[in-house]
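Here come two complexes built around subunit A, the first alongside subunit B, the second alongside subunit C.
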Partner chain A sequence: MKNLKWLVPTLYILFLMLPIYWLVSMSFKTTNEILGAFSLWPQEFTLDNYITIFTDPTWYNGYFNSLTYVAMNTLLSVSVALPAAYAFSRYRFLGDKHLFFWLLTNRMAPPAVFALPFFQLYSAVGLFDTTLAVALAHCLFNIPLAVWILEGFMSGIPKELDETAYVDGYSFWRFFIRIFIPTIAAGIGVVMFFTFMFSWVELLLAKTLTSVAAKPIAATMTRTASTAGYELGLLAAAGTLTIIPGAFVIWFVRHHIAKGFALGRV
Partner chain B sequence: MIDKTTNQRAWFLVLPVVVLVAFNALIPLMTVVNYSVQETFGNNVFFFEGVRWFEQILHSERFHASLLRQLTFTGIILLIEVPLGVAIALTMPKKGPWVSVCLVLMALPLLIPWNVVGAMWNIFALPDIGLLGQMINGMGFDYNFTQQPLAAWFTTILMDVWHWTSLVVLLAYAGLSSIPDAYYQAARIDGASAWSVFRYIQLPKMKRVLTIAILLRFMDSFMIYTEPFVLTGGGPGNTTTFLSIDLVKIALGQFDLGPAAAMSLIYFLIILVLSWIFYTLMMRNEEQ
Partner chain C sequence: MAIELKKVTKVVGIDTHIHETSIKLEEGHFNILLGTTLSGKTTLLRLMAGLEQPTSGEIWFKGENVTGIPVQKRKVAMVYQQFINYPNFTVYDNIASPLKVVRRSRREIDKRVHQVAELLQITPMLKRMPNELSGGQQQRTALARALIKGSDLVLLDEPLANLDYKLREEFREELPKLFQDSGATIVYATTEPAEALLLSGYTATLHEGSVTQYGPTSSVYRTPKDLLSARVFSDPPINTAAISKRGDSFHYNETVSWKARGRYATLPDGPYTIGFRPHYITLKPNNTASISVKGEVVVTEISGSESVIHMRVGKDTWVSLSHGIHPLKRGDTVELFLQADHCFYFDENEQLI
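Our next item is the complex of A and B:
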């Protein structure tokens, strides 16, 4: 029984990889082969789908747009959430608990509820169809999440650290930037992972707030799938390429994920 | 727990967060509230309607049906994903090179854009060209998720399990790795069974992370839109039309802004109340 323990995670990972394998394998097939005979791996291996994506600006600009607003959102969310989470973890102030719960309620707001008002709001302030609009809109759910997780990490750090620094003559910001932020680096890594993740995968708002200039890659895919017939190979290639930034980010924070989570357990 | 000092100037630290979130939350929310009490025939002319839309939605069979579908779906995926996630976390290697490999591979589905998840499962499960569709039909079942409601539900649930179980695994694993080895040694000396180790050491230590996991899974599955929309389009018929899909159909498809706004508020309120109940129940357990 004990020796079979490895079987559970192995089977689970196998289950996770199957649809991904299918997507990747389909991206190397020609449309004819996909719609023609059923084959487990590409019979006429082709790179055409990828070549189309890398040479057509409407495709590759989608990637730039997505990566731009995700990066902006991650930086923005983390930099405003850091001082706020510090305040929640260290101080009592008027309405702190209500404020914290109010922040969390925004994490619970279904994007479908906000799609139309968001469109009107960002059109009114003249940001419609910019990456900035999407980056700001994603703050709705990413800032509460970042504050929530960071507060957990910060509560795990003894207050003596702050007090010692103040006694040593550090000003608040100098202490915060020089000492406190390096101390919770792992936590920041975890938070960046989550904000990247939720901004990268969200599409309803990103699609609503853009039309041409700032269209995210995932929306470009939807358009192609519906207007240009059903080019499954192209769709699969574009889908495969959207997995790569995520895989890269996970690889980057892989040591921090387990360690970071453990630290933030409170 | 840290004993906090009272300091009103802490408000300055939270101000940027409040401003940014308020801009994104309060203005759209007021827009929704505004629509929910008015009727429009276009041209930006509005008439005050009071609570008529709320009454209409609360009595509409269509809303009841999608709410029921939503509750069933969320219930099923919570019942599958939470125990499965815990079980996988328990069997994962505790140290060594395999830890990173497992974590990276397991986290992968979490970072795929939601419409790609839907599209991926669509081509994976299609009965004629999909691997899953071919496999199930090859085993002798008649399976076509674009036609059969039951198959559509099965595929949607399987997709969600594929997509989100890893989140529970990651959180549960983090909870587990915070248990000091001394606890296990003590349990071994006492001759504790695997079950009592789980019940009295591992489960209590995972309580907080599991609270987060259940809350996140509840909220996100209750708002699910993109994946089932791309996979099944809410069909066949209306059988997989969950609340968000129904809402978008009413708001953007039929452009019935009043009823859609009223439905939005009711929908939001349901999530808030249920999350709050979950949260307080689990926190009360933790305090005991």
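Our next item is the complex of A and C:
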């Protein structure tokens, strides 16, 4: 019995990794092989799928668009949420608690609810089919979350730190940038992780608000058939590449996340 | 004078934090604000610092009206009860920060930091981060930062409250020496009467947002202006009793009486209140003029060489502090001796006679 301790976790991990393995394995096969006989690993190993993605602009622009609006959204969310969260954590004003709660209610509706109003609005002001449109739309969901998380981190910092800085002669902005932001760096890391993840994974708004010029990779990837018929190998390669940024971000902020779970409101 | 409050009040919403207060603090000395929590010590410090503005009244600093001037523009330093340091700066940068803000030369900063660090014995920690230090070292860093500025006004808000007993003793001895040469006016808030006596200097007793008395610490302790000041400046708490004067003697509970002597002999008949500190009511009679009072023991606390006896006398509850170990049980009847010479006599308005 003792020697079988490893069994359950191993089975679990195998189970989790299976679809990812299958995706990666498919990405190195030709479409014919995928549609043909059952094979556990690529019989005719090919890199053609990846080469197509990196050379065909309709493919690589998808990544470019997605990363653009995700980066824009993350930057926007953090820079807007920082002062907002500071206000919520440091000042008392009329209706502050209601306003704080109301922020969260923005996340209670599914994104689909906002697809129509955003589509109409952005078409009217000429933002339709731009990465900015998607970045702004995602702010509706990400800013409340960012404010909520950051407020938790900021409230963990005693107000006396601010005051000590003022006594020492720091102006508000100098204190905020030189001392306060580094002090809550873990919180900002956590927020960037969550905003990145939401924006990277969200498909419905991204698809609705774009057509050609700003088409995200997830939209390109989910068309199953093209003029050339089924391109399953190509889709698998695109899927594999789409996992990478997420994995990269998790690796990057893993320490902050662990700290964040211990400290703040995650 | 270094700092003076003129008819200052502070009202937040419907709560009055500071009732009209006028006080001139002694320049270049330790000024102790003594009071329980919520008595307004911290609010007074914050008003002096400029972190808060008074609702009415004026604050004068070195002969200048500084009311409304933001804290950044005042030359003050402040140390809190919590150990507040910039967590993303090394100890060195923490101490250097007030000088860096005003753009002093690197050479000068380096020299001053080492000087101050040497004084506070934290030179070996200069390269570390604040959260790698012990509580005492963190507070030393905060004190160093307050010291390096060379402020004329240093505000210390219960700086030793979060330290353990041993460190507190160490700091109490060190603090007055630290600031002695700087010539700065120190305002030190504390809840502990013993701390005020040890630091000496001047003391202001605070009660519910009012300064009840201000003067040299020992004189405030020896001659409290009124019952309130006496209560604030006594630990264990001061005992009180309602007495009355008839003819040439004072009467308590109709069972105890003693002759009115000296200046008390000429007082008119009527009700009075006496207050006496716990060490003036003891198990053994002390030379002359000891009045015998019988009481019932409620609780006895024994600390090494002293016994604190809480007891009920009539409807009053008194605390007695005697030398030696006296393991009395609850319900025991004890005879205690009160030294009438060391009683404070208060009139009907609780003012000292």
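Heads up, the rule we're going with is that the second predicted complex is superposed on the first by the 245 of 266 C-alpha atoms of A that agree within 3 Å, B and C clash if a C-alpha of one lies under 4 Å from a C-alpha of the other, contacts with A are read in each partner's own complex, and residues count from 1 in each chain.
Criterion: contacts are C-beta pairs under 8 Å (C-beta built on N, C-alpha and C of every residue); 3 or more make two chains touch, one makes a residue touch a chain.
As the structure is a computational prediction, the values presented were derived from the model and not from experiment.
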item: Subunit B versus subunit C as contact partner of A:E163, first or second or both or neither; value: second
item: Partner chain(s) touched by A:A115 [first = subunit B, second = subunit C, both, neither]; value: first
item: Contacts of A:T183 with subunit B and subunit C, given as first, second, both or neither; value: second
item: Which superposed partner A:M221 touches (first subunit B, second subunit C, both, neither); value: first
item: Which superposed partner A:P144 touches (first subunit B, second subunit C, both, neither); value: first
item: Partner chain(s) touched by A:Y60 [first = subunit B, second = subunit C, both, neither]; value: neither
item: Which partner, subunit B or subunit C, touches more subunit A residues; value: B
item: Which superposed partner A:Y50 touches (first subunit B, second subunit C, both, neither); value: neither
item: On subunit A, the residue positions that both subunit B and subunit C contact, one per complex; value: 158
item: Complex contact set, residues of subunit A against subunit C; value: 158, 160-161, 163-171, 174, 179, 182-183, 185
item: Residues of subunit A defined as touching subunit B within the complex; value: 5-9, 12-13, 15-20, 22-23, 26, 34-35, 38, 40, 76, 80-81, 83-84, 86-94, 96, 99, 103, 105-118, 120-121, 136-137, 139-140, 143-144, 147, 155, 158-159, 196-197, 200-204, 217-218, 221-222, 225, 232, 235-236, 239, 242-243, 245-247, 249-251, 254-255, 257-258, 260-262, 264-266
item: Contact footprint of subunit A on subunit C as seen in their complex; value: 49, 51, 70-72, 76-78, 80, 82, 84, 86-89, 97-98, 101-102, 142, 145, 149
item: Subunit A-touching residues of subunit B, taken from the complex the two chains share; value: 1-11, 13-14, 16-18, 20-21, 23-25, 27-29, 31-32, 87-88, 91-93, 99-100, 102-116, 119-121, 123-124, 128-132, 134, 162, 165-166, 169-171, 173-175, 177-178, 208-209, 219, 222-223, 225-226, 230, 243-245, 247-248, 251-252, 257, 260, 264, 267-268, 271-272, 275
